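Order of writing sets the labels: A, B, C, D, E and F. Residues in every chain begin at 1.
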Amino acid sequence: MKPVAVRNIQRADSNALGVLEALGVSTVHEALGRSGLMKPYMRPIYAGAQIAGPAVTVLAQPGDNWMIHVAVELCQKGDVLVVGCTSDSTDGMFGELLATALHARGVIGLILDAGCRDVKPLTEMGFPVWSKAISAKGTVKATLGAVNIPVVCAGVNVEPGDVVVADDDGVVIVPKKLAVETAAKAQKRQDDEDGKRKQLASGQLSLDMYKMREGLEKAGLRYVDKPEDV
Amino acid sequence: MKPVAVRNIQRADSNALGVLEALGVSTVHEALGRSGLMKPYMRPIYAGAQIAGPAVTVLAQPGDNWMIHVAVELCQKGDVLVVGCTSDSTDGMFGELLATALHARGVIGLILDAGCRDVKPLTEMGFPVWSKAISAKGTVKATLGAVNIPVVCAGVNVEPGDVVVADDDGVVIVPKKLAVETAAKAQKRQDDEDGKRKQLASGQLSLDMYKMREGLEKAGLRYVDKPEDV
Amino acid sequence: MKPVAVRNIQRADSNALGVLEALGVSTVHEALGRSGLMKPYMRPIYAGAQIAGPAVTVLAQPGDNWMIHVAVELCQKGDVLVVGCTSDSTDGMFGELLATALHARGVIGLILDAGCRDVKPLTEMGFPVWSKAISAKGTVKATLGAVNIPVVCAGVNVEPGDVVVADDDGVVIVPKKLAVETAAKAQKRQDDEDGKRKQLASGQLSLDMYKMREGLEKAGLRYVDKPEDV
Amino acid sequence: MKPVAVRNIQRADSNALGVLEALGVSTVHEALGRSGLMKPYMRPIYAGAQIAGPAVTVLAQPGDNWMIHVAVELCQKGDVLVVGCTSDSTDGMFGELLATALHARGVIGLILDAGCRDVKPLTEMGFPVWSKAISAKGTVKATLGAVNIPVVCAGVNVEPGDVVVADDDGVVIVPKKLAVETAAKAQKRQDDEDGKRKQLASGQLSLDMYKMREGLEKAGLRYVDKPEDV
Amino acid sequence: MKPVAVRNIQRADSNALGVLEALGVSTVHEALGRSGLMKPYMRPIYAGAQIAGPAVTVLAQPGDNWMIHVAVELCQKGDVLVVGCTSDSTDGMFGELLATALHARGVIGLILDAGCRDVKPLTEMGFPVWSKAISAKGTVKATLGAVNIPVVCAGVNVEPGDVVVADDDGVVIVPKKLAVETAAKAQKRQDDEDGKRKQLASGQLSLDMYKMREGLEKAGLRYVDKPEDV
Amino acid sequence: MKPVAVRNIQRADSNALGVLEALGVSTVHEALGRSGLMKPYMRPIYAGAQIAGPAVTVLAQPGDNWMIHVAVELCQKGDVLVVGCTSDSTDGMFGELLATALHARGVIGLILDAGCRDVKPLTEMGFPVWSKAISAKGTVKATLGAVNIPVVCAGVNVEPGDVVVADDDGVVIVPKKLAVETAAKAQKRQDDEDGKRKQLASGQLSLDMYKMREGLEKAGLRYVDKPEDV
């Protein structure tokens, strides 16, 4: 890893952001072909936040938030900061002061593969964070990392400018070239599901709607009347 | 494991359900002789839900929710769906569409030894889920499992028709033959505790109420006045 | 370990408690030189509680809450009970009845390196618990431990009378001799941060405020304009 | 759970044991339709042991090995002891003395969903244990459990008399009624694999041997020549 | 993710492989600037293996080894197969038959972010595997993934053709463009350490050799004679 | 935490060391009243080592081994180095060079609540390490900690000079004041067990030897002949 900070990155087409944010993680993840999802240990520090924005990426040493300070200056309005670490850590690399700085620049949220602290003030100021842990453990500013290089965060490789979509279901990354196409696919999926939801709510069975019965029988599923018949 | 779906199962006596639901997991678990409790990683997706109902059981492959679709048809009003997997997984096997289908049939909740997604819409529609994780990871429909056979879910063997009791403290399974007897024992325990609660609230000590002092002394507990006397 | 209960302990100076409680875990932990923090698996059973008080300590066998009953009598108004176990366990060692007893004596909260149950009634009565897990698993009263000896709880050695500070960020222990000094340092830190918060909110960069640019350059950080320049 | 010890159980047909032991866990697990496998945290305390025998089952309180002492008397030559706990624990419930007692009765191994100690003497005496952890933590003899009732151990429900097969790959349980049938299926699978192994060793591709190419194409797999063509 | 298999990839310069293999993971990881290291849960199934070779990459569904079969054909002599999954799983995706096939093609090892089975025959045939778990759990062939696209495995993004170095200390990935440069840096580091090792073995202190005393003093380290002086 | 290094500590009576080493962790832990045992995640990097010696303690930042360098100079022949961290980490804080330095001073082993690397050379040179993980992750020398202050390591509070006993069963700490007394108790326990081992080997039952039958009956254990009688 070279200790470098990249000033200018190409961000995903902003036209897709509104749709991606509205549709949310589960639908977008499906539209991506079931890829791009961060590990489920990434949880929001408060419920209800829903965001989509281009990633500014940080690679940090565990327990060292120096590069987050470097990254602030390189963020634009609407960005989402994504922080990965060179090894596992739950130390509290982020809190109220950094959130104030990011908020002042219009950054809309943080994805942090480490610990977050000051959850009460962060909740009060409405700055959403998805993190691996909540921890007050203070960190140092001693070792360089990098800003705006590709970073693995919670199991996903994030390129600077990729779209981060995050809500109560977790975090998914949309490669920036696929943002518009994925938004369209996700919208189509959502529209399809609206119809299905109504059918299911009226009591129809997915077995019939999706014509699964034949496949199940072919695969060998056997129905019996009573437990004794198994 | 044979790929089979059992249509008709014997459900626990429904008379016990109201009491079991009202008394909740901790009291019922004690009344069962401290057994039947699922592992504590099973957490509700939202706080406050409290249910009791007979189990319809599903054994699924990890990352495959085909058998949940099969199970929907075999559920009745008041049932609780219980899903175990053949190996550990946190993939999001269940979301809004399946919840809509179950809700339409009167199913009152889901116990899922895997991941759940769409937590916001599930919360809004009031369909409670106790699961191992929250994950948007999409699943496939490729491999058979079984419905209404005995299933190990989060460390407990669940027979179809057993009573599932779930609340903010977790999930406990009451064998169907013991449902009425357990409800009675749990009620008695609760009644006893009401009195104790008042005594304790008035400042009485459990050491005296339960006459523990003699046992402690006999076991060798020594009281000293100051740390230096240890 | 000797099975002993110490009746009288020296508690930290109560003058520091108000400040420590108000400033909270993250600030106090920093004021302590970044030490004394319990592991981040210690989470509150409900959000928003914030306490500070002297520790009454319990060393228990896993799955055995006998010594908590012994400890109740030795607590005073304003105390916080701290329970460590001789090995890892998530069993539900504490619930509504013990909370009622502690509440009656004026104890303000519990720190428990094991499982807690009855979270709904505990939330309703406003008795805060920080624990490793939520579990209904019942426990026995069979094996002695100790009360008011030094106890390792969630990775921190707690001496009887040390100050426990706990909030949504976790739990930190302030050695009783350092309570007043730490409160003063934490207050100073908080005052400093108030000014910084305003500067950051107005858009100033921490890179400039803390004069980090020179250090970063000296350490070798290189700025480039475009990803291709890396 | 009733505190009971069952003296006489029906053991699986001993004719199947030799084959099941020789073929090992992975092959037997496949022959069972990919079921019955304990969680992978169950590891042997030393490499190379390979056993098959009927289960004598124990349900114990975590940290309490009283019921293992009860079980010794109920074991026969060739049995395997299987110990589950009512909640998670890594305490060292088993060591050299109990191994000596079991060894004297001809018991051939132990499956323990908790911790094992004395690994050096156990290795020297050649008494194999598959356990969740290695731990010297001493346990008590205070609370009853049960012997020879169905027990969930490491995620599998074990009935007394079921066949336990264990080797370096883990532990699988064969229901006693299926022992002979499973041994036959496993032998057939093994015979089939011998031929395949030779073909593969000679450089044939499984894609061709199993005729997977058509299925892959139908499922939509696309071959491209270079990364740029993706 | 597109379901695609790339036939031809650019492999790292083979001249570097001998040095990287000989120097091993810890030295190579340092030479890379402390990056590229997989998470420490990746452990060899037997001790003593030490390999370096270009990566053929597989992205698989958890519990589905179809794409490993596809990958075999695309491997060359000296390659290392690297398998990542779209979500966490410990299922046994790899065993003796696939190892036989890879061995026949000259593949020298496997890096698997899932479970491995048949550890005894794999050990006997000398085919080394670094995996997350040992598990006999059988897998299916139902869902497509991809071969030779960039894959995140155990926390590291692996490009096809990158060099995999693996030994008893774990697994590190060297980007193919950096292979020769990294081998040279690693060799230099090793040569430097040889001298240091001799100095240390003769009793010299690293405090003096690396001239740390001044830095420690400047940072504020205080030496005291006795515990009471702290 | 004050950044301090204590030059002179009081070491436990060396007369007890031989007995403690010979008897090993499980017996010593029992003799201590079942206390002092580190968590079972502390595993030896190779099997068979067995040591006892006074602790030199280090408190380090995660991912920072600066204080280990400081500690080398303060070690004496026969000492055991014990390293705790201020938060959880698996980074590889220790390897061949530091082992060479410690070996040169006569230090007999290391207890490390973090990661260890260079396991092959450490094994070859016969320097035993008990650690939480094996990891090649390099560390920095940037932040002070302390040497020879009380340190919590893997759940146990270790005072400088306490006796560390470690073998294949794990690690136990004997407070220095109790060393001689504990060695005597452990020897007595061992002598008692020798007789019991012979009785058990001859087929006697622990139920009879320890006269447990009465207690079991009193506690309510019921023997039945057949499963149907439960």
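Heads up, the rule we're going with is that contacts are C-beta pairs under 8 Å (C-beta built on N, C-alpha and C of every residue); 3 or more make two chains touch, one makes a residue touch a chain.
Here the structure is a predicted model, which is why all the values come from computation and not from measurement.
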Where subunit A and subunit B overlap in contact partners, by chain label: C, E
Shared interface partners, meaning chains that touch subunit C and subunit E: A, B, D, F
Copy pair subunit A, subunit C: interface residue numbering same or different (half cut): different
Over-half contact-pair match to A-B, picked out of the listed pairs B-D, A-C or C-D: A-C
Pair with more cross-chain C-beta pairs in contact, given E-F and C-D: E-F
Approximate Å spacing (C-alpha centroids) for the pair subunit A, subunit F: 42
Intercentroid distance (Cα basis), subunit F paired with subunit C, Å: 27
Geometric centre distance via CA averages, subunit F-subunit D, whole Å: 30
Sites on subunit F at which at least two other chains make contact: 2, 34, 37, 86-88, 90, 135, 137, 143
Pairs of chains, among all present, that meet the touch criterion: A-B, A-C, A-E, A-F, B-C, B-D, B-E, C-D, C-F, D-E, D-F, E-F
Subunit C-facing residues of subunit B, complex: 24-26, 29-30, 34, 37, 40, 43, 48, 167-170, 172, 193, 196-197, 200-203, 205-207, 210, 212, 215-216, 219-227, 229-230
In the complex, subunit C residues that touch subunit F: 1-2, 32-35, 37, 39, 86-88, 150, 152, 155-157
Parts of subunit F lying in touch with subunit A, wherever the complex brings them together: 61-63, 86-91, 135, 137, 140, 142-143
Complex interface listing, subunit C residues touching subunit B: 2-9, 66, 69-70, 72-73, 90, 92, 95-98, 100-101, 103-105, 115, 117-120, 133-138, 141, 143-144, 148-149, 160
